[in-house]
Amino acid sequence: MNWHEATTSRKLDHLRICSEEDIEAGSSGFSDIRIVHAALPECDMDGVDLSCHFLGHSLATPLFIAAMTGGHPDTTDVNRRLARAAEKAGCAIGVGSQRAALERPDLAGSFKVVRKEAPTAFIAANIGAVQLREYGTGWAEKAVSMIDADCVAVHLNFLQEAIQPEGDRDAAGCLGAIEELCSDASVPVIVKETGSGISRETARLLWNAGVKAIDIGGHGGTSWAKIEGIREGEKNEPPLTRLGDDFIDWGIPTVVSLIEVRETGGPVIATGGVRSGVDIAKALALGADMAGMALPLLAPAMKGDSALACAIDHIHRQLKAAMFLSGAATLRDMRRVRTYITGDTRMMIQKYD
Amino acid sequence: MNWHEATTSRKLDHLRICSEEDIEAGSSGFSDIRIVHAALPECDMDGVDLSCHFLGHSLATPLFIAAMTGGHPDTTDVNRRLARAAEKAGCAIGVGSQRAALERPDLAGSFKVVRKEAPTAFIAANIGAVQLREYGTGWAEKAVSMIDADCVAVHLNFLQEAIQPEGDRDAAGCLGAIEELCSDASVPVIVKETGSGISRETARLLWNAGVKAIDIGGHGGTSWAKIEGIREGEKNEPPLTRLGDDFIDWGIPTVVSLIEVRETGGPVIATGGVRSGVDIAKALALGADMAGMALPLLAPAMKGDSALACAIDHIHRQLKAAMFLSGAATLRDMRRVRTYITGDTRMMIQKYD
Amino acid sequence: MNWHEATTSRKLDHLRICSEEDIEAGSSGFSDIRIVHAALPECDMDGVDLSCHFLGHSLATPLFIAAMTGGHPDTTDVNRRLARAAEKAGCAIGVGSQRAALERPDLAGSFKVVRKEAPTAFIAANIGAVQLREYGTGWAEKAVSMIDADCVAVHLNFLQEAIQPEGDRDAAGCLGAIEELCSDASVPVIVKETGSGISRETARLLWNAGVKAIDIGGHGGTSWAKIEGIREGEKNEPPLTRLGDDFIDWGIPTVVSLIEVRETGGPVIATGGVRSGVDIAKALALGADMAGMALPLLAPAMKGDSALACAIDHIHRQLKAAMFLSGAATLRDMRRVRTYITGDTRMMIQKYD
Amino acid sequence: MNWHEATTSRKLDHLRICSEEDIEAGSSGFSDIRIVHAALPECDMDGVDLSCHFLGHSLATPLFIAAMTGGHPDTTDVNRRLARAAEKAGCAIGVGSQRAALERPDLAGSFKVVRKEAPTAFIAANIGAVQLREYGTGWAEKAVSMIDADCVAVHLNFLQEAIQPEGDRDAAGCLGAIEELCSDASVPVIVKETGSGISRETARLLWNAGVKAIDIGGHGGTSWAKIEGIREGEKNEPPLTRLGDDFIDWGIPTVVSLIEVRETGGPVIATGGVRSGVDIAKALALGADMAGMALPLLAPAMKGDSALACAIDHIHRQLKAAMFLSGAATLRDMRRVRTYITGDTRMMIQKYD
């Protein structure tokens, strides 16, 4: 995502489109996954334990509120609510790209609100790989200290960059910059895709560079190709200059990416089209350590604190029920549950000849 | 199924919804199965022999009238008709959960009518795994003696328990209780799922615990998630407290469950989405010993004795024709008939890599 | 088919329904087959040679006009036209079941017309397996001599028998009767299914019994279950006594049956849902020696000589074009052409685990 | 394509139908291919290098403007625009069949315009295999010198020949003629299909004959069976003389053909249903050296120079974005990118048993 335009008003554009239009595309693959039911769970659903360890922290739930916003005064409210909810439910939470605030410190308030409202939560700072390459580790450290973050997430969003006329299309040197950050940073480094997924090959590069966790950000949920397509349409740009629609199908579906990355190492955060606690359970069964959700939390966060708390509660209730019906009293148990894999997902992960 | 609410009027609720609304969900997998036609059957269709042995009893047919009702005076008529039909056709028959009558002996009449009308039939008593754990073998024996049952079926319905706000969500210890019952009970013990299926892993636990037969009760027929979803809707509960709809897809399809359980032992009763005598033939070809049907018999049973007799007759006619066209003069022959397996079912039972 | 009712007026019933209603069901599998295109055919389309040998006879084309009618004076015209067309185009031709005329010699004219109009054609007599068992080889010989046939086809139609209330449902002893006929008959014996296909297992029984060719008559073309379903509907029979609709899906698809039977021996006639010369080419590529068509020729045959000649011409033109584009100048070449197999057909012929 | 009728007015017929009607059929298979996303491309999109080598020439792009027209004065404009665009963008370009101009030199202008407007472009002359066999290498050399071509493409279009009543249906001897041309011609020889694909087997024949490149011209884009079907319809020919519709499904899908031919050698031009720069990237990843497009360029070419330049620009922008997101800075890199293959394409390339 090009969350760094000179004019931060674009942030609002994104929030508006994301909350008003259908901006999902493709299939994440979760519907191709079926968890093997445990008819005799031999545990207590009310005692299902969602707690987990992630990058040295103890967390109350594997639900990660994925990076979304900040950088414009009008986004402060949304971030405040997300932070409160994270604090209350014990979720990890990411902020949106901090570029705007790093460039214009007067915008930092829309990010700082997160640590203020979530004093004990696990918070991920957020910077783009291209900015990291340009400005180096110091830039990342500023992002971390701005919100007293527990880790820093470097986002990869080259699909969006490629599509936008004004995008940063030079990706060379980003891997080196990440490697440098990993060796120098004061907090653990996560690398996250934002809707196109991480392949087995890229995962290997990242582990070798020293990243501490990968957020796969796979295809099948929020589609930046679709969002940009909608913006292009609103701006009445001539069809032949638009690329958004041409790349709506681009990317590795979340489930396929999860399986590939999991085979190369971990921990792994499964994000992209996670739409319920049942999807989280599926992700865990396929080896995920955490599961991220962005879009499904945006509308409730724009509505108010209680709508958001309700939404998160419901997700947790679904997750607990799914774990219970899998016979899993803990996340560790859940990661050993057998699944059935069908459809295109099956074909994509299955070798042939 | 939470067939044990304080107010037994809920039973009526269930019967009403089940007979009025579309409460089936998913695919049982039977449509993915095609029996290999025997162009030269070399037997006489009118001589096709449906008789079988089950738990030491000789039965006239593999059709098992699956557990449905009892526990409210108004259900007596339905049970009476089911019992008469079972007696006449020689079917095995299960009663619905006897919890209500075990708690309030005045309700026992709606169950006792079954033995009264079916003096020679094979009858299965029915208790929930949670009650068994709470009250022990004695409770089961009371259920057996209430209807002079030939076996006792312990139902597993944790999906329904998980969904209902008032559900019993503690499943711990149920396996131990079943094991104890198996060693102490005066009649053979069956364990039955009620729409989510039994996995290979659970089947192994059950055989080791000493159960004498497994009724797989797989996904693809009557859906308690859907029924509870409808009830939630009728009660206008706020969407975010509802779990029914979220779990409509949950469970192991009947055919997949049947194949898995069959590989671990037997005898096996195939229930869940069995909708015709042809489906019964398919279940037999896949290794089932008996096939259970609930929903398709409910409407005729509510209509009258002759509608029910007709329905059962028709199922038997379909079964005989299917066996004849498979070249199977007996159930033993039918269990050796080859099938084609396609679709998702094929992917679910096929290993890869 | 129960082509032998006391009242031969039923023949007319069948012809009427077959020519007026949609009586096809299922998929023959031909749409799952794609012939590998030969971009450089290295032959002359106008020189494509359709001639073949079958049971010691030289035939001008692999197209077999499948058994349809006779037995009622009003069917004479249809048989006359089919015979003329067969004579002119050099097709092999089968007559419908001769039972009626064997029982009532005054009805023989509707069959004899075939030899009269097709003095040099390869003609197949037609009797039912049940009648053969009842009346023995002599009965078959009478059918042969009635039309001076070149071979006798014993039809298997137990699906139809099973469905009809008045059907002959005793199939025992038919194999023995076929074996006897094979050793005693004056002409070669073919066994033909009529819409449900022949399995690998049945094929082995038949070759061992001494049959000289198998007509697989697979599922996916004319459906007798559907025809009987329509007749049941017209007669307003109560739903629960009807079996037609319940067995519409029953049977081995033509392509699957063809592949299975071909693996056990030959020659093989592929019939059931063959709908064009392209389908014939596909059948040949899968190993068929001849391909039979019934339904597609019925309407033109009821219309007139020239409509029928046109239809057959068109089929031959399609077949020649398909062979040319496969690089096959002869049927022998065509049988070596590679195909792609997808869909359910692929799953049905592919082993697993 | 029978691009050689006595009356060249038919060319116009084709152009009109192709630009007005939906003349595509089947699936090229590109939608079954998904490129593995490179989240960290480590290259600069603006520096993505599309240049390549083909038959000893350096080309600016792998986009090949596939053979379309010429042979009627009214087609001169279209060829002029295509040539200008090729010159400007550095595309290779093919002309339509030169038969008409070889027979009537006064029509040569509509072809000569191409070299005139594209003095430095790589141009492919175009003759039919049948004419080559009839008139020999000299005929091909005349076609080459007419437009000072860099190579000569021999087109195979026997599907169209087979369908047209007046088609050349004798394909014998074409391979020998190609072999002779390969050994004698002054320029490299390409063989191209025109919508039905090249199989592994045919590819081997062609490499052995000495062709320097194969243009697979696979199924799934412009369908000559469909075009002829439309023309038959317009001419109100009686249904039974028409073959167009019967062969709409005929042919090897582009992706399947590409994979098969690539296994036997190269270079390979992927043509047939290539509809975007993303499809070109997919073709490259599957091993193609060049990718040809005809139909998508026709409408812009009929509209004007700038529409055409825009269209080509957009294709290149899509291709560069796709390569960038695959982490490929050069075509050589792109040919090593991993893909997922699903659907029918997967089944067609995958062996079984």
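For reference, chains read A, B, C and D in written order, and residue numbers begin at 1 within each chain.
Rule of thumb we're sticking to: contacts are C-beta pairs under 8 Å (C-beta built on N, C-alpha and C of every residue); 3 or more make two chains touch, one makes a residue touch a chain.
Keep in mind that what you see is a predicted model, and the values were worked out from it rather than measured.
Matching CA atoms, the turn from chain A to chain D amounts to 90°, rounded to the nearest 5. Interface residue usage between chain A and chain B, two copies of one sequence, is largely distinct: under half of the residue numbers at the contact are used by both copies.
Chain C and chain D have Cα centroids lying 43 Å from one another. Here the CA centre of chain A is 61 Å from the CA centre of chain C.
Taken together, the chain B residues at the contact with chain C in this complex read 34-47, 276-278, 310-311, 313-314, 317-318, 321-322, 324-325, 338, 340-343, 346, 350-351. Chain A makes touch with chain D in their complex at residues 129, 156, 158-159, 161-163, 169-175, 178, 191, 193, 196-199, 201-202, 205-206, 219, 240-241, 243, 246-247, 249-252, 256, 344, 347-348, 352-353.
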